[in-house]
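Each structure below appears as structure tokens.
Each of the next two complexes has chain A plus one other chain: chain B in the first, chain C in the second.
Let's look at the complex of A and B:
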């Protein structure tokens, strides 16, 4: 075939590719910072004297309640920022598992996002027994004992939900499973920054969730390879 | 015709004045807004209860939800509520609260934590009642009535429509009660940290006992093994097999977890034997064996072969969501 005939074919292929597989061609990023206004409650110190094996791990650095964790310049940590609508690849369950660790009688990480039906591995890295007792309302509730040295507990959740997690033996332990329909999520850390890369061109709704300060949304449109700056500001609660 | 006499008010009879006054008062009262009334404002008719055609199968009895409608209304709705959501009018005065059937999480099962109970589990709970709670021992019902009520309970949660009941766990034959078995049970009680909630003597006074809350955030106490006399019972039964099932399946909706993944079946039986000795006022084979040993439980020597490995449950009996 001659070049003149090839050109429209090539152009058609290119256009088709960019429509069908836009991520091959263009992928933008939404990033920004999560901050707070006002004065958050001073976090209380957690008393672990009832569990000496954990208390001694924190002998030098006191453990603070993790409901509100702040960083420099009014940064708000542990905010789950995710694409709540618009992502074309939602529903793809990753093959790798996420891990939730009980260490020093704390849950690490405090907030764990995961995809619906993604494997969740729960590890006890302490010298004491814990019972892992997530408290879902739409998903199924179960409660399992996990002594030290036992293998990880493998579970998964079928419905999107923000699930409160606790240990009945150690009442100060508290954390969250955030089960989402999307893999486009991040948790704000340190200076409150988050990053959502690999977003093909399109219109998105970005949702930011904090366990105490509530939920906020922002709409953003990606047209190409750009990085869109989206920031969230939460109002601190007095108590 | 112009001889009209002026009206004399004294001519109106007293009965007429009285009558009109009463009428006036009645009209005034009837027309005032009902804000002062004792009842809540009328929010309209409640939605009807949808009685789905659920069934139950216990032995050779089949229960039908529709046949239990009037029994439920008469005997159960006062606590469990018309919609099975534990909002019956008595519920505010009850502790522990009645079961909320809309969640489909039940305390007494032969199935793993997080799975639905079998029809027989529910049937037995109705007949046995729940000790230390307001759930009576319903020995007034016929077998058919109980089966129909089991079917009726299933209308309140959509889980019953598409989820099968869990497979009952295997309870192996009970080995002999010996002082060694009791000693091993005591070692397990310590190692698995049951004492954290139940206390070292099982009296419900462990270090974590005072902060326990159930899944609806109501304060809850761990079981006190030393309560009761010769007939001291557990919520989910009073045989050794029942105790075995309690800690292997966990008591869903409460802080009591399942130990199915961390206890071997033989070790579990040793724990059952030890737990019986915590029921100090109960006549049992275990307490006899303990008195024969002068009331002293010897220290347990860990044999190399026994370890904490996952318990043997049937291969297809998975905990929800593909757990181990």
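Let's look at the complex of A and C:
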């Protein structure tokens, strides 16, 4: 008897939920792995002797150049995989800020994707001054000094772009801001894996971008509550 | 009042000479073969300038003491015999002194800049750029790869713009952020600026040489004492100038070989 009374309430809730969040109801997922073929260049060790406060942090584990980071079974890390067309929620700026941290004279993360106009907080967690200098071409360029202990720098970018980031004081520091027109993105992790969940049915173009190896695309159609496997393979450069 | 002023001049002169005569602010111990000549020269200059300074101050004090008490109606006293002879004497004295310093000092300069480097000197390239020094060793083949400015990619650790894909010589080049050199062996440092004017200064080595953009200079030295020394940029080069430094590691030949091997493996 109790269950029967609850049924219409539950149904109403379900209908309401499906109207408000259709993507949650028919959530397709695109997932897969990013790998490479060939032999990538051996990453060089980063020499931080000039900045003893940072060198000390890495005394036990040497820092390697992060342009090409690989994992087991030819996995390729730091590849930004995103929905480049077909995503329905373009223009929805997340209210949560993304954070870019300067620690041990490195940028963490090395590659930071974000939505257009999303707040970007840049933090200096080091005992030394940094001068963050992103190099955009279509957005406005700036460079800002950030002494240790100062509050985060708050910024945002108005146009989608892949922006190389450097530090004017520590020439080895390098990273990327990836400003996208979508919230459906992921960065490949240690085993090369990525996952783009919550995709409503539709046709999508998925793009994978690597800072040195370029971009690749794949078309995928989501019909319902399913997980589509998409894998990307980049050709490694020997130099 | 005038006598008090004369005494004050003399006291200030003596007090300011004390730290110099007592060598309170002497430079750190020299660790180079040519440094002794430079130190001698600086010492010599300091003595001559110091004695001249003291003499001038004492003469000034003496004159103030002697001639300041002039009444309003007194005739203006002139130097006995007129000023002409004194000016000529001073001109000759100072001129000879400066000329002598220059002639003697030229020797110290020449040992560093005019003498060619030894045949068995190790050649290392130093590159200064905003705001770090990088050093390049030619590797086992003894040849430096050609630098290509357009290929400089600091984020990718290519500070010299090398092209290992096409340039075989550059493949074994060793690049480091510190300058390691073997002790008691001459180093020929090729100096290249990536962007603006910088300067290479190691106090203990008694070397201070500018990097001039567009002009590759060379300087050679032999370090005689193992240890770590600071290399600083002494030419204001921009925002991060205060932080532009590197370290000089003077190592035994054995440690140097090991250091090179470790760097090559990185």
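Here is the rule we go by: the second predicted complex is superposed on the first by the 215 of 239 C-alpha atoms of A that agree within 3 Å, B and C clash if a C-alpha of one lies under 4 Å from a C-alpha of the other, contacts with A are read in each partner's own complex, and residues count from 1 in each chain.
In the analysis below, a contact is a pair of C-beta atoms (placed from the backbone, for glycine too) under 8 Å apart; a residue touches a chain by one contact, two chains touch by 3 or more.
Quick caveat, the model's predicted, so the values are computed rather than measured.
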Identify whether chain B and chain C fit side by side or clash on chain A in the overlaid structures. clash
So, does A:238 touch the first partner chain B, the second partner chain C, both, or neither? second
In the superposed arrangement, which partner chain does A:65 touch: chain B (first), chain C (second), both, or neither? second
Answer with first, second, both or neither: which of chain B and chain C does A:168 touch in the superposed model? both
Quick check for you: in the superposed arrangement, does A:129 touch first (chain B), second (chain C), both or neither? both
Thinking of the overlay built on chain A, is A:44 touched by chain B (first), by chain C (second), by both, or by neither? second
Is A:149 contacted by the first partner chain B, the second partner chain C, both or neither? first
Contacts of A:140 with chain B and chain C, given as first, second, both or neither: first
Partner chain(s) touched by A:217 [first = chain B, second = chain C, both, neither]: neither
Candidates 92-100, 218-226 or 308-316 checked on chain B; the stretch that hits chain C is 218-226
Pick out the shared contact residues on chain A: the ones touching chain B in one complex and chain C in the other. 50, 128-129, 131, 145, 168-171
Would you pull the chain C residues touching chain A in the complex into a rising list? 129-133, 154-157, 159, 164-165, 175-178, 239-240, 243, 245-247, 266
Under the stated contact criterion, what part of chain A meets chain C in this complex? 44-51, 62, 65, 67, 128-129, 131, 145, 164, 166, 168-175, 212, 238-239
In their shared complex, at which residues does chain B touch chain A? 103, 105, 113-114, 159, 191-193, 196-197, 207-208, 211-213, 215, 250, 252-262, 308, 310, 319-324
Quick check on the complex: what are the chain A residues that touch chain B? 50, 117, 119, 128-129, 131-133, 135, 140-147, 149-151, 153-158, 168-171
